[in-house]
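Chain lettering (A, B and C) follows the sequence in which the chains are written, and residue indices restart at 1 in each chain.
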Amino acid sequence: MMKQPLVQMRGIVKKFPGVVANDHVDLDLFAGEIHALLGENGSGKSTIMSILAGLYKPDAGEILVDGAPADFGSPRDAIDAGIGMVHQHFKLVEPFTVAQNIQLSERDGAFLLSDAAIRQEIKAFETRFGLAVDPDAPVWQLSVGEKQRVEIVRMLYRGSRVLILDEPTAVLTPQETAELFVNMKKMAAAGCAVVFITHKMNEVQEVADRVTVLRGGKVSGTMLCRDVHAQELVWLMVGREIVLNAERCASGQCGGEILSMKNVSALNDSGRPGLSDLALSLRAGQIFGIAGVAGNGQKELAEVLTGLRRTETGSIQFLGENVTGMSPSELIARGISYVPEDRLGMGLVPSLDAVENMLLKSYTHPEYSHGWLINRKAAEAKTAAVVQQYNVKLAGLSQPVRSMSGGNLQKLLLAREISEHPKLIIVVYPARGLDVGATESIHKLLMELRDQGAAILLVSEDLDELMKLSDRVGVMFGGQIVGNFPIEEVDLEEVGLLMMGLFRPKEERIHGDGR
Amino acid sequence: MKNRKFLILMTVVMALALVLTGCGGKKEEPKKEAPKAAEKLKVAFVYVGPVGDAGWTYAHDQGRKYLESKMPDVQTVFVESVPEGADSERVITQLVEQGAKVVFTTSFGYMDPTINVAKKYPGVTFMHCSGFKTAPNVGTYFGRMYQARYLSGIAAGKQTKSNTIGYVAAFPIPEVVRGINAFTLGVRSVNPQAKVKVIWTNTWYDPAKEKQAAMSLLDAGADVIAQHQDTPGPMQAAQEKGKFGIGYNTDMSKMAPKAVLTSPVWNWGPYYVKVVEGVKNKTWKNEQYWGSMKENVIDLAPFGPMVTDDTKKLIADSKKKIVDGTWDVFWGPVKDQTGAVKIAAGQKMSDADMLGFNWFVEGVDGTIPK
Amino acid sequence: MAMAVKLEKRLNPSAAMNVIVPLVSVLAAFVVGAIFLTLTDRDPLEVYTAMFKGALGSQYGLAETVVKAIPLMLCALGISAAFRMQLWNIGAEGQFYMGAFAASYLPLTYPQLPIWLMLPGMALLGCFGGGLWGLAPAMLRARWKVNEIITTLMFNYVAILWVDFLVYGPWKDPKGFNFPLTAKFPASAALPTFGDSRIHVGLIIAVVLAAVFWVVFEKSRWGFEIKVIGASEQAARYAGMNIRRNIYWVMLLSGAVCGLAGMAEVSGIVGRLQPNLSPGYGYTAIIVAWLSKLHPAAILLVSILFGALQVGGFFVQTMGVPASVAAMLQGAVLFFVVGGEFLTQYRFVSSRKEVA
């Protein structure tokens, strides 16, 4: 690899109010390599790539493309230089077809290309890289994996030689991930430089040629993947050793049935069936993991259980009581707790301070009230205690929580929910976007809660997380639980296929309930 | 997103606030720094609109200028665009506190405030235009504009081909109703087939809305437009459509020379001089003055070139009778819209009835909102 | 080397800035105003002195400034209640008129009522009228998600025309020569005033209400609900708060206070129902509420500032300054205060950038 790098970034500095996101970052990208960019959240990996893609202007430093200095004033400039980025949130026009979406990113001001020409090119990408997309399918009909492929094709179509993928596997099933990796290798083989942002170590080792680790906005190391151990990468990433496979805590004693759902149906936001005839049973001291690709009813399940969504048919029994159709406040009062996917906005209110967020569900409790007034002193004391107990890092009790990091937000949110001693807690994507350290503490909290006898419904898209925490795993697809296994019997491949809706277990396992 | 929504909101609000606080007044009155002649009598005017409105307020301000030019020992001061709510009482008070000895309040809505302030300052003379309340130091004044309206109706009745005349009316108050009736009687005195179609704008000063109202009347077949607001909007509409119009307040032919036949106009100057002289000579009485054509408080502006000599003669004849006092507009017989005789032949409508006019005469196509 | 200037959001606007910036802004507005006045051959110092004297410099001016501020205070307080929940109630003007209308019903229909029945009755009716007028858009919003900005704004026109209809029609004073006025209210329907000024009891009501608002919105459980709903409707639902019910209550309260402002104006100042009751109090109050950042005490002060601006604006006309220049001065103050507000949130930083 002594040839000239395709892209050289030299001494890149980028400051945001109050933080240095990139502190003199150097990065070389060579044609034909898959380069992983590893780092905790907030380590600056997204920032450095956004600079390369022309979204931000660096405060200092230079970018060389093919050895010549480049100054990107906009994403357009970067694209013209052959650099394309696929973001976590796709930038596709949903009602348009694939071909139309690709056409939108026309090159060289050519406004209308003949349909045939576009089809031909799309076909070419399929044969070269295995990127199969149907040019006539409207984008809204596509799965997440397919949309991602459209985005990649779009970038290639625009002539990208450097392809940046921002956490591409976060939304994919294992099968889709494997497919993506194959495609990535083909693209690299064809002379592209593929940059792959992730915080999953196994993926780095599986697919990347080189890896650059960022910590606190600085490069803490760049190395060839085959020379490096996972443990070493973790150390570079967090600057401390972390036990990767925390032992599964002594599995909680399963108690009596806490929750029983029968034939539950509900509509999703667009009025179509979101849950159909769903059945589920949860016991005290049990973590029930829900696997599945996002959008298969996980959100609806959580909202039905918390009273935020109407149950159309079926019944929900909680601690022997029929709670179907109860309001959120009634369910909260009965001990159902919820850690939503949308931490900042639903679970916590960004503009309110920590104390007020702590009070969010308990402001009517007598212990925090003087009659109809709020007893702020009591709430402050309680918050301070909780913050200390759960080791939440705050700028101050009276500072708006919006400036807190993702991990601390999640800790605060979880701490609030746990401190109310719930009997059932629904936790959705608890570790999404969190770094290794924060993920670890969140997992610990969940296990402690389980050990105290609460029932936990854990919705996650991270199979490792599910495997690590759950006592049972159910797979959701199309608004139903299509597989339900005790943890010992989980076969990852089978789970992956179920998530895709491709496979039904031969043996009837759905009734294997509890232990 | 929230912020953007809010920004848009604020923009709308500010625009509304600005419109409502009234941004008028293009004309500036260069104030001669009066050599501190201690004897100067200070006379104040309170206006409802901006002095540049080319209408009601402008006419009063012309009167104020006339007063200043005729009486060098008088110093005048004015406040324009004064809302008729809580503000007017303060403005009047502050004018008196600044030494005004005579105050003219020139809008109906200033009636109670004028009376209230007058109670506190018995030594100051107040004249309220168009109201009906008096006090020992408060008189009222107004003009028999209906006389000029009648004459302008003759011009309109002679000019119309479609026999439909549009009347852009301000508010359904007696003053306006009286004007419409007088105008209609004038029209039908020369053209009994003609109808006067009335549209209410509920505005005194809204050029766009008033122009729009005139447009809809023109679209409905009217070929002469009369008006009662303080802007030349309706006249401009008539000119744009190649039709004719009767202005109001001041000579509006400057704004629409091809359309304006004539305009009933106010001529306050001489009366203001009379009042101020009366105060100076201590002959002023708290009368309810209702000036007529004879006293020249009201008049018709010069005719446009399209008005025929024949028409001019008809108007001159009627004017002579009015000025002589041998005839007036609301002398019987006058029928209402249903054809019933409201004023019998030989009867004269009393001033009190005229001041409370609330029915339309025959020939008016419109209703008075009740 | 090139210098670039860019805008950066401040992390924590300091408390001192929150006080200093508005003051500097007002000052800057007067400097700009001075340039204009000089250009039109007027001595700015003289004009400003007059403005100050007219609005604040004499007992009478001061009292009148307060008189002018009372409806602003009440309307801005009412508006602030809705704004806290991010309900953009633009309908204060209409609620003011409906309050004035409802309050007028009592003295016009039962003029013989004793004062101790009349005034509380009028206040109650005023709140009721304004409150209902706020409640209607709230229903549309809560049930069918109809944008309340549009409905409250439209309701203004309806309310104003309704009052017009009454005073031109059924409620016209039979002895009023067909002029659009109701009969004068009996003395028992006039709010007591202080000394011989026109300041009426409405001032005390506004101050007490401001204190109550502060406690309710900053300290109470209900206030907490409103705060959460305003900050994030999703979070409020999640926390089990009843959003629909709160929309009703908040708009009812908001409208009721604006209605009370209308009652205070007909009872304390005008003494009858008439058209043109409000020179846009309901709209100006939106700006007042916003500049005060919805803080009740600030609302009282900013209302006085606006009252002074208006009173002073009319006063300088007596020196020959046209109304438009006075309006321009008011506009300049607004512009600079809003601009200054922006600067407390953001700051300019210069950055040096190496250019290859």
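As a convention for this text, a residue touches a chain if its C-beta (ideal position, glycine included) is under 8 Å from a C-beta of that chain, and two chains touch if they have at least 3 such contacts.
Predicted model, so just to flag it, every value in this text is computed and none were measured.
Averaging Cα coordinates per chain and for the whole protein, the chain whose average falls nearest the overall one is C. The interface with the greater count of contacting C-beta pairs, when B-C is set against A-C, is B-C.
The mean-CA centres of chain A and chain B are about 73 angstrom from one another, to the nearest whole unit. Separating the CA-averaged centres of chain B and chain C is a span of 33 Å. Distance between chain A and chain C, defined via averaged C-alpha coordinates, is recorded as 47 Å. Multi-chain contact residues of chain A, defined as those touching 2 or more other chains: none present.
The touching residues of chain A, counted against chain C in their complex, run 17-18, 59-60, 62, 69, 71, 306-308, 327-332, 338, 340, 342, 345-352, 356, 359-361, 363-364, 369, 372-374, 376, 403. Across the complex, chain C meets chain A through its residues 8-11, 215, 219-225, 227-228, 231-232, 234-235, 237-242, 351, 353-354, 356.
Chain C makes touch with chain B in their complex at residues 40, 54, 58, 60-61, 64, 67-68, 71, 86, 88, 90, 149, 164-165, 168-170, 176-180, 184, 196, 198, 265, 269-272, 274-280, 283-284, 286-287, 290, 310-311, 314-315, 317-320, 322-324, 327, 330-331, 334, 338. Those residues of chain B that touch chain C in the complex are listed here as 2, 5-6, 9-10, 12-14, 16-18, 20-31, 44, 50-51, 77-87, 89-91, 93-95, 97-98, 108-109, 112, 120, 132, 171-174, 177, 202, 352, 355-358, 369-370.
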